[in-house]
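See below for the structure under consideration.
Each chain gets a letter, A, B and C, in the order it is written, and its residues are counted from 1.
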Amino acid sequence: MTATTDRPGAGRPSTDDPRVTLDQELGVFEPVPPYPPRTEREAEFYTLRDGEMLLNMGPQHPSTHGVLRVVLKIDGEKVVDLDPVLGYLHRGVEKLCENADYHQAICYLDPLEYVSSLFCEWPGVMAFEKLLDVRVPRRAEYIRVLSAELNRVASHALFLGWMALDLGGLTPILWSFIERDEIVDMLASLTGQRMLFNYFRIGGVNGDLNHDFMSRLGDWMSHATEQIESGNTLLNENEIFVRRMRGLGTIDSTTALRMAFSGPNLRATGVPFDVRRAHPYSIYPELDFDIPTRSEGDCFARYLLRMDEIKQSLRIIDQCLHQMPDGPIMAKLPRLLRPRPGRAYAGIEGPRGQYAAYVISDGTDQPFRMRIHDPSFIHLQAVGLMMPGHLIADTMAVMASLDPIMGGVDK
Amino acid sequence: MTVISRGWDRLTLPGKVLFLLIPLLIVATVALVAVIALLGQPILDTLAANLPIVRFVLAVTIVLLMTIPTAFLIIYMEMKIIALMNLRIGPDRVGPYGSLLSVVHGLKVLMKEDFTPTGVDPIVFTWAPVVVYLASVMALLVVPFSNGIVGQAFNLGLLYFFAISGLSVVGLLMAGWSSYNKYSLLGGLRSAAQVVSYEIPLTLSVVGLILLAGTMNIDTIVRNQAGWFTDWYVFQQPLGVLIFFIAATAEANRTPFDLTEADSEIVAGFATEYSGMRFGFFFFAEYVNVFIISALLVTLFFGGWNAPFPWPWPVELTIDPGSWGIGLLLLIGLGPVVLTLLFATPFWLASSRIKTWQALIVGFVLANLFIVTLIGAWAYVGLDWVAGILWFMVKTYGFVFTFVWMRGTLPRVRIDQLMDFAWKWLLPASLLNLFITAAALVVVKGLR
Amino acid sequence: MSLIPGLGLAKGMALTLRRFFEPKVTIMYPEVRIDVPPKFRGRLQLLYDEWGTIKCETCFQCAQACPIECIDMGGIDTRGRYHVHWGAAETYGERREESALRRSGRPVPDPAFRPFQAVDLGELDRILEEHDHDPADMLQILDETQAAYGYLPVAALKQISHVTGTWYAMIYGTASYYAHLRFEPAASTEQARAVDDHRPPEATYLAALDAALGGNDRPGTPARA
């Protein structure tokens, strides 16, 4: 049998080739990278001791649904080490923003975190406003806070469902989707879309509050608290749920701060850091709300903290509705935006932590450089610290409790 | 010739089929009659001489066939009940209220490619679903559905049941090991650990009951519980029922103990690499298992096919249609017509907006319902095995509902918690139950 | 967690059982279709005027404004983007290419920016001086410019725009409206005369109106035989 080597890929073994033995062919399934280890960590990770094996969780795993791959090093059921592999959802948002003008860039920020789109727009828009030195009208700021807090409730509601689903509960995900659907429908009547709102504009918002939105909001506010409470009773006191979550994925405040945690995950370790209070922006200094903290730093604390945050968000929404001023919703702006050369940074408190944008302008109508900071990326790195010693079943629980959104991780 | 061909061409497709089929049927009938006439007596004699064997084969066939609609029904229940608990509507397109969707699922798995991945052990891979399914079906063989309606009643029925239902773990382990997939392996090993651990409290929880009943014959256990519902063993063995319920849930791999196929952890467990009808066998076996554990709970602790109360008015229904003579013909011929008209009349009279044909349709439906109810009531009162099946099914599907309800509510436990629970809580509790029962029996006997 | 083990589980079970009987929230989609919100932006929609003619002029401004370049027009090679208009390729092909080129970020050749031929502007200055740089006399200025140069050179139009303060586009629009004004040198005298002889009806009408009104303080079009 003469080998024909002129066709591409001839050197690679193929299943049709009778010379390929079964062992060679099956070796491909190990999740080991095809190149020699590039770092010490990689070399250590892919060296298996006695009784250990590598388990490839994702990207076709039902819990990672195509966007994340986690290589687990397991000893029986116990996770020894773990390595998240990113990049399945990378779209190059930062680069895309640099090729669009300032108005167009906003719509690229939306799909970063597709469950809380408004929080991704906000830092970008704020940074652009700082570059252009625009003063946002007060009514626009109130509308921003109102819609963003609604979005925070929607995001936390979905977190609850996902977490329960990763623990095997079938029902909470659908109940929380009902909750989210009401909010999202409401926001759709305000913004026009259900998922990627694209609502904030430089110098204001796109469209004033309308009757449809206000009536839906009124309906929802009248039953929101008890609806959320009643849904929570399914999990809050459930022995199976509590026993699985308590003491799982613990992280102390020092490590969390060193890992640059923010948002509920940091506050669950006892650090009362909230961008809305620490570096006040928009109209948050005028609003009265608490920053719930918990000291345990485990999955259950993170879960309960988010449930507490929903209540605070409802308070903020209530205050926004009562204090809503009259006035314009957009600042006066030229049609073509050419900010002076300069740099601007803006950070906000989102449902997962600190979202931020850092923009450099070179005087043209497009950002010269745009850097987007996303908390999910940081929180996902900490899974490697939390997991060792726990079981395979806990991997997804810990990840769900950190609530990373892969769109934000991969950008 | 042309006449024949033209006549043939004029027939529609069903007509052509019937035209060919009817002569064939006539010939077949004649042949069958001839065979029976010539060889009937010897065949009957042979069958009668080996009646236990014939009965056994028949029972196995019926049980095997029964599992399929049972699985369909439970799959439909699961889809619909969990949907309703989720505030969804669930299946509602195929059949009335979507009740045929599970049948469609069954057809779907039949039509799918039966894929054998690279690297599997083909023989073990192929036979694993069969082992799992047959273990379920064979366990069903000793469940008494009603008075005398039982696949095979024998003295060690309970022991046989535990022995056979423990076999399914072999199939799961085969599937997990042969699949050449780490998830499958994890699932198989998990199921082995789980089923072996829970087998012990499951069996021990029943030992108290065996002491009470004094037998392992399931039929006798059921007969012991006849009378009022206070005679059921659940009131004498409350702890035993609880342990049995929990352990049986784990044994059937149901939520909250469905670690073997935990989709958010190990993709589909041992069934990850299966597709088509092989997956269907696993799927069916799971739901047949649900039915079996519900049936066994009912049989052992909840009175089996006994009604919760004795029928208060003993009636002697001796209907002998043969003695009615011409009246029987009249009843069959005229009864439905008269009933239809009778039921249609009030509707026809009630409103002039109801047209005659509408009233007649309503009357026909009501008359049918009436007749069916009448026959059912007669069967319930007159044939005690019909009443038995009714009560047995009502109780069993009540427990099936409970299992589905649990699936709709509870999250999954972790493997170490599962093991802790089995060995540190259920096993001591079942031993305690056994001890208390034995002590109570001794005391009661001593007092007598 | 409660003191009694299993109470939390029982509460959850009770909750699901209660929800089992509650009204359901499913929207039966193909039968029931909920309205999209009035602000819904997810659908490209072509508007029609009152005669039923499509209003889209294939100007490609929407395609250029779209940040993710999902809009395209035409029946050929749309690369899976939205078709918003179907028509003869010659009506939009050029603009489509230009739009695509502009989106690609490369420099776009624009015929309006072609270097125009310089002409001697002395004659034009005299004409403009005569009319006191008044844009109200634009038609006369243009007429006289054409008489002086034989056609309307771009350099002259730019100069008129610069001096009178009128937008170049307005001057161009005025000039292109009248058929007797031309932007290229006439190919032959016959043709030029033939074009000259074609009197625009509006100009005739205005001259007649002026004559009828008597007060010819705003000199109309030069009278011709």
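The definition used in the following text is that a residue touches a chain if its C-beta (ideal position, glycine included) is under 8 Å from a C-beta of that chain, and two chains touch if they have at least 3 such contacts.
No experiment lies behind these values; they were computed from the predicted model shown.
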| item | value |
| --- | --- |
| Centroid comparison with subunit C (C-alpha atoms), farthest chain | B |
| Most central chain, judged by mean C-alpha position against the global CA mean | A |
| Chain centre separation in whole Å, for subunit C relative to subunit B (CA means) | 74 |
| Interchain centroid distance [CA atoms averaged], subunit A/subunit C, Å | 43 |
| Cα-centroid distance, subunit A relative to subunit B, in whole angstrom | 47 |
| Residues within subunit A bordering two or more other chains | 171, 175, 178, 234-235, 238, 240 |
| Per-residue multi-chain contacts in subunit B, two or more chains | 85-88, 408-410 |
| Numbers and ranges of subunit C residues touching at least 2 other chains | 9, 12, 15-16, 19, 25 |
| Residue ranges of subunit A in contact with subunit C within the complex | 99-100, 104-105, 107-108, 171, 175, 178, 181, 188-193, 198, 207, 210, 212, 230, 233-240, 242 |
| Residues on subunit B engaged by subunit A in the complex (per definition of touch) | 82, 85-88, 118-119, 180, 182-183, 186, 190, 255-256, 258-259, 262-267, 407-417 |
| Sites on subunit C touched by subunit B in the complex | 9, 12-13, 15-17, 19-20, 22, 24-26, 28 |
| Complex contacts: residues of subunit A adjacent to subunit B | 15, 22, 25-26, 29, 53, 55-56, 61-63, 77, 164-171, 174-175, 178, 234-235, 238, 240-241, 243-244, 391-396 |
| Residue ranges of subunit B touching subunit C (in the complex, touch as defined) | 81, 84-89, 405-406, 408-410 |
